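The same chain A turns up in both complexes below, where it pairs with chain B and then with chain C.
Up next is the complex of A and B:
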């Protein structure tokens, strides 16, 4: 385990807030914390509880300008602002600023590694800092680091169920025999689905994770972005299809596949007792390897503390 | 010659000789290793609607050592060319099966489909959409137009009535190595008819 690091955390959503909350437990200090409109900085570590309290009561984390966090004296920038597509801003610029200062970057934001992987790697090469992004794929599940341990050249494919919202909806539809709209409303009530569930149910979120995996597997030989992915969501899956699948001992899961040749995300038929047929919000990733057979990694694919544990795991892997 | 299952390295030469001997004399015994065992095969024929045609078609099968398992003579289902489809299930070793097909063709019998591993693979897919409105029988006919594919089972689930979105499960039997092509054709037809296909994962990955 490395020495304690000084963290600057950008983003005060579920993941950023959990990182701030848990950092000390992992032996690190948070010297800066910012959301989109405010920041709090302290060279000897901010008071996490008061910043989080302020965020929930006043909607700000402190009195400083958000830029103060970027320019603070930190070892690791934790980028946990919302994922954006295309130019991946402002996450990409945050990463760029940190690398130019020779600082490490740990991403929870998928945008930079899904949409601008080559640019990220280029900036990393010119910097003394390192970029890690375990938290971008599969929440708490150690997928990227497992691929790294196996060496990407020994992993031929990665496939899995990578969106808890879509999986919750499909497994509820199958179990209860109720329609998509009803289950979606239930998922929204439970906080499993967002008010605008498009990103999850249309397969975009799962596709971004597969794009990241494809980028890792291809080791710079080829760069993938969301536009390279063949994506279909679950909105066209009626209850009648799940019934037919069940008659045959099968079910339907939104499965993403990533190889060096491409990315495909869509509803697929899988045996009901298959490893891939996880239920509820659970995620799973299957790695096909050349020497180690098939590896199945499953667990919680989302959530503040879960994803923060992946972020802090990355921080621990830094020199 | 005895029938030995398995293939020990030391017995390979002997077994190869035995197979050659078996082939050269038309074969009476099983040749030996696993993939030389008799397997069921399906042959689809089209016969002219004339007396004696069926018998003429069956003779080459028994003459070449095939074990006739069943005959499905679809008299009521005449092809567009006015012929009668016949499906024959035969048990034979791959070698003998090839000889049977060759003999049938020599006799002028129209062999529509035949293959050692005919329909060796099975794949199930779901189709979702306006299945009935987009001419379901045309969809099925076109899927079966691929000679390597046969529809083994079909179920339709249309809870909202025939004109609304419905789902169908299609189990296709395909020739070995032809599953990807069969799925490709299903995708193509589905795209054209704006149907959604829910496919299994390739390579039996679960």
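Up next is the complex of A and C:
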């Protein structure tokens, strides 16, 4: 177990806020916290409750410029700003700045390891800092660390249900016989789906996670980006397909698969009692391994505290 | 990732032999290998195939005295001798000798951490070596490392099906309506149950694993041993109980639960589609966590390569 670390947290959404909220309980201190327009820094640890209250009420975390967080004296940069595609900016530059200063980086932001994996690993090689990213795939479920412990060469495939929004919708459609539009509206009311649910229902989010897994599995051999993924979402799954499936003891789930050869995401028929037939917003990953058969890891794939738990687990695994 | 380590492997059963067989593939070397009556040592790595062939044909691994392995120059002692209860000897002394020499110890032997957990941790504190024991609970399934990453204070309970023999028997009784004696005989023919199956069918093996989990969860506060566990096996589960359960959409599994307060193992009714209703020899552990909800981890709980995979994963996690 490593000793307590000083964290600089970028991003004040659900994940960043939860990391700030839980850091001290995990034995660490938050020396800097920033959202897109502001920051608060304190060498001996910020007042987390104050900063979070201020974010709620005023929409800012402090009075400093956001760059103050990146220049603070921290051990670990927690990058929890929104995932962006393509050049993965500004997240990638945040990671770059930290590694150039020989600090560690723990990502909740998928962009750098989905879209610029080789660049990230190169910067890491040139740095005394380490990059970890458990929180980018499957929230609280220990997927990346399990692949790491098995060593990627011993994992032939990672397959799973990795988007809670899409899974909730499909499992509700199956359970209640309600059509897609109605279940989507219910999901939005519950906060399970965004006002703009595209990223989730079109399979993009699941695909990004599978791209990250494929990058880990094919480490050193080749690199994938979202554009390499073969992706189909759930927007064209009719209620009738689920009824037909049920008559045959099956159901439909949005399943993603990552191997050394590529990434595929799409709706798939699975037996109703299959491990992949998780319900609600739960996620599951199946790892096919060389010596250990199939490992199934399931749990909550999203949520502030859940994902913060993965971030803080990564902090604990740093030297 | 740590660099390649020099391993001294004690125990030439399924697990020890698989560790010796796979070590080089995982980037390590085996500098010593011993069974109860012999040893083979080589500073630059033994010839694994020769030693394993010799064990098969002659029942010994080499020409040296078994103590030669303990005195060899190694980085990690892999203790894979048979689990013993009470004083956990000779496994405990092997661990003690290694730690006194400031070497690391990776356990597949449950005895020391089930029966003398506080003693193990005390020796570890006084040593530069570290003790890891993923392989003692759930074979290939990453349970101990997941609890470690979450930190034990964030895990309120660990519950699961942890004995493949008992689970195979119950799931076959349920699936085929065959009685216990017949399924036991089938399991013995398949090598899934031992000639003397007591340890498995009376719940002792599952209980030892739960005692280890309870020791991890209550680290520093209290220590448990097998004698603290409330244990009931499967020998009194009649076929009629399974039929009755099935009429209600349920089945029976040998479930163990570990919390900070103790350990309980016994046959339990579970819904047929529950996560705990694993079939065949598969194991599952459910971790109830403070911030991350319920994590389910399932896979092959036993087997040479599977358990060796956990041992070698532990070696990789050492500094």
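Methods note: the second predicted complex is superposed on the first by the 319 of 319 C-alpha atoms of A that agree within 3 Å, B and C clash if a C-alpha of one lies under 4 Å from a C-alpha of the other, contacts with A are read in each partner's own complex, and residues count from 1 in each chain.
Operating definition for what follows: a contact is a pair of C-beta atoms (placed from the backbone, for glycine too) under 8 Å apart; a residue touches a chain by one contact, two chains touch by 3 or more.
Computed from a predicted structure; not experimentally measured.
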{"item": "Touched partner set for A:317, first chain B, second chain C, both or neither", "value": "second"}
{"item": "Contacts of A:180 with chain B and chain C, given as first, second, both or neither", "value": "neither"}
{"item": "Partner chain(s) touched by A:154 [first = chain B, second = chain C, both, neither]", "value": "second"}
{"item": "Which of chain B and chain C A:74 touches, first, second, both or neither", "value": "neither"}
{"item": "Contacts of A:22 with chain B and chain C, given as first, second, both or neither", "value": "second"}
{"item": "Touched partner set for A:293, first chain B, second chain C, both or neither", "value": "second"}
{"item": "Which superposed partner A:133 touches (first chain B, second chain C, both, neither)", "value": "neither"}
{"item": "Chain A: partner with more touched residues, chain B or chain C", "value": "C"}
{"item": "Chain A positions touched by chain B in one structure and by chain C in the second", "value": "275"}
{"item": "Residue ranges of chain C touching chain A (in the complex, touch as defined)", "value": "1, 18, 22, 26, 139-142, 145-146, 148-151, 154, 272-273, 275, 289, 291-300, 303, 305-306, 308-310, 313, 316-317, 319"}
{"item": "Residues of chain A touching chain B in the complex", "value": "159, 232, 236-241, 243-245, 247-248, 250, 252, 255, 257, 266-271, 274-276, 286, 288"}
{"item": "Complex contacts: residues of chain B adjacent to chain A", "value": "124-126, 128-129, 155, 157-159, 165-169, 171, 196, 198-201, 205-206"}
